[in-house]
Each structure stands twice: as C-alpha cells, then as structure tokens.
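Below you'll find the structures, each written out as structure tokens.
Both complexes below contain chain A, partnered by chain B and then by chain C.
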Partner chain A sequence: MSYPTLLCPHDPALFDPLKGHNVAVRVDRPEDVCRAAEEVDSAGGILNRIIIETDRPLSALPIPGDWDGIPVALFAPEMGRYRDLSDTIQKLYDFKIHVYFPAGNAENLVSCRILASLGVTCCLAFDEREPDWTALADLMTYAAFGPVPHAPIEPFHHMASHYSPGACLDWGALYFDDPREYLHLDSRGRVALSRHGLTKGLFIADHISSIRDPLENEGYMKGLNAWRRHFLEDHPCILCEGWKICLGRFGSDGRHRPGCARFAADTLAEIEQYWSQRQDDSREART
Partner chain B sequence: MAESDPSDRVSWENVVYIADFLIRSNDHHIALLGGEPTLHPQFVDMTLYLLDRGFHVTVFTSGIMADERLAELKAFLTAFPPERLQFVCNLNNPDQTPAMKGETEKIARFLTALGPWTTPGFNIYRTDFSLDFIFDDITRFNLHRQVRIGMSSPIADEDNLYIKREDMKKVIDRLYGYRPLFEKLRVQPSLDCGFPLCDFTDEQLGWFYRMAGPISFGCGPAIDIKPNMDVYSCFPLSNVRKRSLFEFNSIQDVLAFYLQLHDQIRRDVPGAFDECTACVYRKEGRCAGGGVCHHREVSGL
Partner chain C sequence: MKTIIFKATDLCNSNCAYCHAVRKGDASIKTMPLDILEQFFVRANEFLSEEPGETLKIIWHGGEPLILGADYYHRALEFKKRHCRQTGPRISFDMQSNLTLFSRDYVDVLREMGIRSFGTSFELIPGLRGRGGKEGSDRYNRQFIDAVSLLEEEGFSWGIIYVVTKPALEAPLSLFRALTNFVPSASVMFNPVTFYPDRAEGIAVTAEEFTDFLGAIFPEWWRHRDRYPGVDPFKSLVENIIDGSDSLICVDSGKCADTHLSVSPDGSIWQCGRSSDWGMMRYGSITDCSLSDILNHPEKEMLRKRTVLLRDGECGGCRFWDICHGGCPLDALAETGSVMHKSPWCWTKKGFIENYFEPVTGIRHPCARNGSPHPGKNRDCAKPAGADTIQKIARERREKASGLRTSPHKEAL
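For the complex of A and B:
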C-alpha cells in the first residue's frame, strides 16, 4: 500500500516535514492557488491537488491563466448564470479543474449535465440536504449511458468504471474522504482520518512523523473499516440493495434517507448493466 | 423554444439532450423558434451554450423584446460572428399589417443592435403584398443582403390565412416585379418551400438562379422539436403524426420516419394540385408538386 496523500490547510510551516509525500492543500481563496502549489513544490512535496471551497458561484470566480498545470478541485455552491461562465469554460476544460457542487440543490444536477457535456469534470457532493432522487437517477443514467462523449460526472463515472460484482465500492477518495488515499492534517500537524474526524478532534496521531506505516497504526486500521459500524448499529442501510456501491455515503454521515435506498438500488442495477455491456464489448473485441 | 405559458419552455436537460442528439447525428446546425424564443428567461444562456458546443445557431424572432433582453443579446451574443449566429427576423409591411403600439420602435431597436447578424424574412399571406419597406430596412439597419421569402401554408386542422393554389402565380409575378430593387441593392431573394416550379416562367427561373442560386422545389421534413420533446415534420404538419424525440436514435431516423409520412400522403395523390398528376417535372423529381400541407388528405392522417 502506498502512503496516503496528506491533506493540509494552507500553511507553509506544515509543508516542510512533508518532503517526498503526496500533498493536497486546502486554500480559502482562489488567489492562493498558485502560491500554495509553489510552496508545496519548494518544500519537496508532490502536489496531489489544491482544494478550494468558496461560497461564490462558479461563474463568479476568476480562473487565472497561471492555474494551468495545477490540479484544482473547486467546491462551489452552484454554477451561477451560464452567460457569466461561458468565457471560462475553456479554461476549466484545459486546466482539468474538477468542479464540485452540493447534490442537495436540484439546479446543480442540471449544471453538472451542462458542464460535463462541455468536457468539464463534475462531482456531486452529498451533504445534509436531501437530493431530488429522481433527477439524480436521470443524471446517473446520463453519466453512464449518455450517447455522446462527455466528461465524467462523479461519483457515477467512478462507479461505472470501477464496479466489480464481487466487491464493495468505496468512492470516498473522490471527496478526499478515504483514509487509504488521504490523511487529514490540522493547523498543528495532528492527523485525522477524515475531515469529519478533523472537525470532531478525532486524531490518530499528534504528528505525521509518528506514522511511519499507517497499517501499524491502530486508529488507522479501525478507520479503514469504519463502514462496519453500520452493521454493529443495525443501521437501515445494511438492508439496502444498493449497499455495496453506497456504503452509506448517499445518506451523508450514515444518515438513512427515505429516497436513497431506491436510488441506490436503481444505480446498482444500471451500473451492473453497464458492467455487463462492457464485458460483452470486450468479449466481442477479443473475437 | 418558448411560448407564453412558462410550462411550455424548453428545459436545460432537454437542451443538452437535443445538443447531444444532433451531435451524435453529425448535425451541427440548430434553429431556435417559438412562439418567440427570446421570451425564454434563459434564452441568452442556452444560445451561448449551443454556440459553445460548436453549433451554428439560427434564431427566428419577431424582434419584439424587452429592452433588458435586447441589452443581454447585445452584451453576450455579439462576440460571435454572423457565420456562427444568425437571426431571422420576420418583418411585416407597416402599412399592410399595422403593428401594435410600440412594436415598430422595438423592432427598430433590435435591428439597430443586431442588424449585421440579421436576415430579414417576409411571409406572404396576401396577393397584394408590398416589399419596398424591406429594402429600406436592409439599407437602414445594415441587414444581410438576403430576404427569406415564404408563402403562408395551410395548417392541418386549423383555419389560417394562406395563399390559395390559384393565387400562387400572382404571388410569383408580383415578387418578380421587385427585380429592379433586388438587383440595385444586390439583395438575394431566398425562397422557402412551397413555391411550385410550374408557376415560374423560364425568364423568372433564370433570374432567380442568377440572383440566389438554385431554388429547391422540394418539400421534405424540416423537423421541429417542441419544448416537451414532441417532434413533427414541420410547422404546417404540427398536428400530424407527432412523436417524441426520445423514440429516435438520430435525426436521420426522424427524417426517415417523416419521409414515410410524406410518401404516404403522396401515394394516392402525387402532387398537391390537380395538374401535378401528369407533370413531367414532378415525375423527374425536380418539383415535389407543392407542399404536402396543401393536400386535403393531410388532415385525415
């Protein structure tokens, strides 16, 4: 197992001990993107991604030319008016910026379809607001079976491309929420397994230097199998047909929602259909 | 694209679907019609989206719109060259078809702002039509030097004003009477469907050819898509054999379906008019024998 990427707040003092590590940085302002990338580079870190969270619509954000070559994940509450974004679309596409919108806002589902059709990778972030499950199912179908090539719409693209009938599918890494891929550092360098753990003060180490091999860290090992708590708690999710592709994530923080079980089951059915189709295609290609 | 009823406006999902559908069909032209397409609250955004997806967009408009909407068009759409974005503005003779109060001024404001992107259109629904005003408008507003000329057709199961068969020759002769103005101002007369070949003299045909190139005397499906994704062959056949776009895989499939409808209409009565049956030009495929919308049988399908 390779060492997880270390996700830290934007503080150059934190970067120095991260030499040789994969590093992701969370910045507050778009203006800080380039500086953060340079600082990681100067400290000898390998930049994985710069993450920006903004409360401004995507259309209101400046996307300067010097973002070119920097992997950016941009969390915005909404797309904004298309007319204000039209000039920026090419940069979003060229710079391979991944745009994240909350799934609980129905307009964002439409925005994902628009942006993906123009080649911009979009990710829906499931939060406390319940999505419109019917519209989400339509979008999932478009993401998996859209007749014309388009950019990935996550998490559906990941599901479709990584699904295997015999295994559970965890797509938390898309949202930097999977300890196999990401460890989270706070401003003092303490290590948590997730952003949630960071917020709640659930640290597994006081400093990254004390985790030479994550697999030897007890807290880490427990965190890897956090999904098992659903079974220990007899959570309704464990009876859901779509469990193996959801692992409780559609419910956000393990909450069970009335519409999500049906959606997860439908998604699983479509993903299985997509998987079968790909199997048929590759068999055909071999013959 | 947009009717006055807000529930009859095309949604973003459907716009993306239509764009995908056309691209998959290798068709990169799209025309936005209404009602009045500029009434759609997201008209500018959707048009920009289609342009960003590489379409050549033609917008059929009355030119009558709120000043705020016109300002949006000017601010956001004029960055695209007229080769990518074109407006067709149907104009009426102000004396023969008087506009409602304020409309003339609004159209003038539209043409002032978007003249270089605009081709004037004129729909003939009476035999004593007058075209002089359009030549004035072309010069005054720097419009495309072309006029799209259509003859009003009967709409199946509806009672609308249209040019009767016996009046078509009169219309063509009157149009030809504007020859000096077309030539002087180098304006191309571009004829829409529905004009029958047999009503033109050889001299008229030669002149039209020299001014605007070959005329198509065919009648085929134009394919209109409604906001609810219903499709039909063309506006005059809007009540005949409606289907959903979702039933088809490509625009070629839709065309094939409606070509069958046209064939069916023509099976018993080959041309729309009595003289079409024995017409050599129809038999040789140079004239479709008028639009199928002129067939009396259409309403029964």
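For the complex of A and C:
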C-alpha cells in the first residue's frame, strides 16, 4: 500500500518533516488557502488538498482567482441564495473545488442537485442531524443513475462507480476519514487515525517519523478495519441489509438511526442493479 | 487428487464448545515430532513417484495449526525440498485455522507454501468459541478481528465455516446477515454441529432443525445471490442442480475412500479428519505403511462397497442420489453402528431441496437441461420442470461467472 496522505493543521513548522509525503492541510480562513498550498510546496510536500470549513453560506464566500489549480474541499453549512452565487459558480466549476454540505439540512439536498447540474462536484456530509431519508433516496437515484449529465454527487457517485459484489464499500476517504488514505496530525505532530481520534486524543504515534511502515504500527492495524468492531458490540448495524455500502457511516458517531437501514438497503439494491446493467453493457460491447 | 487432513498437533489455544478435537482422549503425542513429519514427506514422495498422474493436497489442521510456530513450517518445507525434489510441484498446501495466532512471522513461510486462503470459523453467539464464557468469546473475537485485518493487508483471503448450534436456530436470517456483513467476500459455509454419541444438551441440532435453519435463509440468499456469491451449501447446490456440476464435497461424493486420508500427530493414518478425532477407522502408521498400502486397505474397500450397496438398497430410487450418495459414512457409523447405512443427515439435503430449494427456485431436481435429463441422473423425471428457468439462470450464471470471485477453500473435513 502507498503511504497515506498526512492531514495537518495550517502550521508551516509541521510541514518540514513531511517532505516527499502527500499532504492535506486544514485551514481556518479562505485567505489562507493559497499560502498553505505554497508552504506545502516549498517544504517539498505534495499537496493533496486544502480543507476549509466555514460557517458562512457558500454564496457569501469569496473564491479568489488564485485558487485556480489548488484542490480545495470546502465545507459550508448551506449554499445560500443562488442569485448571490453568480460570480462564484464559474470558479467552482473551473477550479478543483469540491463543495461539502451537511446532509441533515433538507435544503442542501436540493442545493447539491442544482450545483451538480451546473458541473460542481458536491459531497453530502453525514453528521448528528438525521437526513430526510426519502429526499436523500431521490437524490441518490438522480446522482447515481439519472440520465441528465451532472457532476458527481458524493457519496453516491463513488458507490455506483466502485461497487463490486462480494466486497464492502468504504467511502470514508471522501471525508478524509479512512486511515488507508489519510492520517491526521495535531498541532504537535502527533498522529491519529481520524479527526475523531484527534479530538479524543487517540494517538497512534507521537510523531510521523516513528511510522515508517504503517502496517507495522499496532494502532494503525487496529484502526484499518475499525468497522469490524461493530461486531464485538452487538451493534444493530451489523444486521442491516445495507451494511456493505454503509459500514455504519449513515449513522452518527456509531448510533443507529431508524431511517437509515431502509435507505441503505434500497441504495444497495439500486447500485446492484446498476452494476448488473453495466456488466450486461460491457458484455454486449465485447460481443 | 488425494486430500490429506494433516493434524500435526492436537493442541489448541481455544476450547470451543462443539469441537471434537478438544474431546479427544489424552494421546501421548500431542504434536508431531520432526522425525515423523520428515517421514511423511518421504511417504508423499514415494506415493507420487509411483503415481505420476496424482497430486496431493495437504490441509494443515489440528488442533490449531498456527500453535506450531513458523519454524515448524520452515522445517516442513525443508523436508519437502529434501525428499520431494521431483514430486514437490504436485504437492499443495491449505490451512484450516482459527487464525487468532496469526502474525507477521507466518507471512513469508505461508506464502512460500503457496497458501493464499484460509478456512476458519467465527461465532457471534457468546460462550461457544474461545476459552469459555462470554469473556472468553469476546477476547477470542477481538484476536480474530485483529488477525483477519492483518491477513487481508498481507493479501490472504479467508472464508468461514459456521457451525450451526441450537442457539443459532433462534434467528437464522439475522445470523446470516451478520455473518455475510462480517465477511466481505460472503464466503460462508453452514455446517450442523455434530455430537456423537452424546448429543450435547443445548448445542446439538437435529437434521430437521438444520434443514429449517437453511430454509429460513434460502429465499433471501436466492433473491440476492449475486450479493452473497460464496454462501454454502446454497452455492454448491445451485452449481450441482442448475449448472450440472459433478463437484461434491467429501461427505456427498461417495468417493471419500479414494480421495481422503488424515494423519495424526503420532503418525497414525485415518480415513479423514473426523475419523481421527473420533478414533475410528485407523488404517496404520506413516512409519510402517506407504500411502499406497493405506489406499488399498480392506476397510477402504468397505467404503467403496457402501456406495454400491446404498445405491441398490436404502437409497435406491432416491432422486437425490447423484448429489448425496448416502452422505458421510462416519455419521452413519455413529448413529447406527455401521457405515453400511445412509447418513442420518440425509434428511437435510432431501428435506431442504424438497421443502425450500424447489419451491423457491421453481426448479425440480433432477432437472432437464436442453430437453434431456442429466447424464447419469434418475430418469423418472417425467416433466422437465423449470427447464426454461434453469436454462435462463444457468446462462446468466455462466455469463456472470467471470466477474465474481471464487470463495476460499471450504471442505467438510
């Protein structure tokens, strides 16, 4: 396996030891995006993504022209007024910006559809608020199987394009929450498997230099298949028909939600059908 | 191919409630000494030299084979290289392990042995696997999860043989979901727990109960069979009944006399793993018999005669003969005192197909394919019931086969 991307706070002092590594940086302010990208570059890191979380609506956020070419993950609470987006929309489309909205706000499901139809990649982030599962199912069908051209709406695009029978589908990396893809560093350089691990102080190493091969780190190995821990806890999710495409991620902090099981099962059924159709199509193409 | 269930040790780090091995009496030799291990490879070479068309599949079994340590397997490979210079390529290895002792130390040697997948077991019901009690189960399962994570990272695959016990009968579908969610490849085989002659209270299941357990799961499996590609006995039955495959596991093949042997730690040679655990059908010792001698042992001849006797007798006219052959002779021996009877588990296959498989799939066994019955199958199938369905499904399965994984080895041992 390749070494995971190192996700760290915006502190140039942390970047120096990351030479040659893939690096993602979490910044607090939009105006720090370019500077962080330059600092990673000058430290010899390979920029994976700049992550910015804002409490302002997307429409209220300035997108400067110098973001062009910088991969940005932009977490906003909502889209805001569409008419205020007129200046921004072309930049969102042209630049490498992925927009993240919380799935618990029903308006965001509509916003995702609008932005995706305009060519902007959108991701729904599942947090403590329970989504409107029916509306989400509609969006899933549009995102994964809708005939109208549109940009990816995650995690559904990933599910539809990566599904394979006989395998679980983990889409945590879309949200920087998969230790195969991302390791998280705190301001002192300590290493955790996830953002949750960072906030809880669950570190697997005091410094990245002590993890030459992640597979030799016991904490890392335990974290790789953390989803299997559900089976030790007699968690209700382990009986879910849609587990293979969810792995507990539609829940919140491991909690089981009443509506998510039906949603996950329906999503799995649709994705299987899509997979089957693609198999038929490729067979037809071969013959 | 001859399959040898190789029990190099009777020791185990677990004490599972339904395991035969832990109930074995106190044998003086718990782990095979290296001189007997070496002698085995001498015998293997001798046999393969005499039989140029033959191959040997050696399944490391136990006890718990990983309790032996990596060095033991390095020595085994040394002996193989030393004594099987010409015949070595015709020897392959597999392993049946609880995996809880798997570590990085084993990776290289297991790869060198050509082992790519493991048969193992997992249990969600507390108190059945592990050292005992819920605490024992929890500890066991934590170790198991760590081990399979490492196993997968190192590129090995694995599949579960799930032993169906009385507590499992309470919620078959939930259990099925949990197991197939736990094993990404959905490589799961359901086997009934077998206890002879003392059926353990609270654990043992009857043939009827096991049949109904399978029947509760089968409609779900059939509806989503692409989702759960490796679930047995369903997958194998579909292959036998719909695809016309002749491949049968040892208990159903009617040919175990010619295909299976087992070696225990003291070098004794037995009919199979079960017979070794039960102390029945010992044919001799690796120290004074060749494998050819063993395969021609008079008791082996008795097993061959059993197949003919049952076909013309107890099982005469049974429409499931070609996929059952009277079942496991040891089950018959344990239940009736003679191998010359059909297995008491016969009901499971017959009852499951009649009550669940055929009604759910709409396909009757033996079925007509392309308008004619299977070669060698009963000719009393007046109407080729489900012929259109079967052809359609068989075609779909053939077409999809290339896109699906095969499951790791799973063999009734």
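The criterion applied here is as follows: the second predicted complex is superposed on the first by the 287 of 287 C-alpha atoms of A that agree within 3 Å, B and C clash if a C-alpha of one lies under 4 Å from a C-alpha of the other, contacts with A are read in each partner's own complex, and residues count from 1 in each chain.
As a convention for this text, a residue touches a chain if its C-beta (ideal position, glycine included) is under 8 Å from a C-beta of that chain, and two chains touch if they have at least 3 such contacts.
These numbers were taken from a predicted model, which means no experiment stands behind them.
S.K.: Should chain B and chain C be called a clash or a fit once both complexes are overlaid on chain A?
M.R.: In the superposition, chain B and chain C stay clear of each other.
S.K.: Centred on chain A, what angle do chain B and chain C make, from Cα centres, as a multiple of 10°?
M.R.: The vertex angle at chain A equals 120 degrees.
S.K.: Between chain B and chain C, which one contacts more residues of chain A in the superposed model?
M.R.: Greater contact footprint in residues on chain A: C.
S.K.: Is A:117 touching anything from chain B or chain C once the two structures are fitted on A? First, second, both or neither.
M.R.: It touches chain B, and chain C stays clear.
S.K.: So in the superposed three-chain picture, is A:243 touching just chain B, just chain C, both, or none of them (first/second/both/neither)?
M.R.: Only chain C; A:243 stays clear of chain B.
S.K.: Regarding the shared-chain residue A:106, is it in contact with chain B (first), chain C (second), both, or neither?
M.R.: Neither chain B nor chain C is touched by A:106.
S.K.: Which of the two partners, first being chain B and second being chain C, lies in contact with A:82: first, second, both, or neither?
M.R.: Only chain B; A:82 stays clear of chain C.
S.K.: Quick check: superposed on A, how many Å separate the nearest Cα atoms of chain B and chain C?
M.R.: Nearest C-alpha pair, chain B versus chain C: 29 Å apart.
S.K.: For chain A, give the residues common to its interface with chain B and its interface with chain C.
M.R.: No residue of chain A touches both chain B and chain C.
S.K.: Across the complex, what residues on chain A touch chain B?
M.R.: Those in contact with chain B are residues 81-83, 86, 89, 110, 113-114, 117-118, 138, 146-148, 150.
S.K.: Touching chain C in the complex: which residues of chain A?
M.R.: 1, 165-168, 215, 221-222, 224-225, 228-229, 231-232, 234, 238-241, 243-244, 268, 272, 276, 279, 283
S.K.: Under the touch definition given earlier, write down the residues of chain C that touch chain A in their complex.
M.R.: 124, 138, 141-142, 145-146, 148-150, 152-153, 174, 177-178, 181-182, 184-186, 224, 226-227, 229-230, 399-400, 403-405
S.K.: Using the touch definition from the top, list the residues of chain B that touch chain A in their complex.
M.R.: Contact set of chain B toward chain A: 11-13, 16, 19-21, 23-24, 42, 44-46, 48-49, 52-53, 72, 76, 249.
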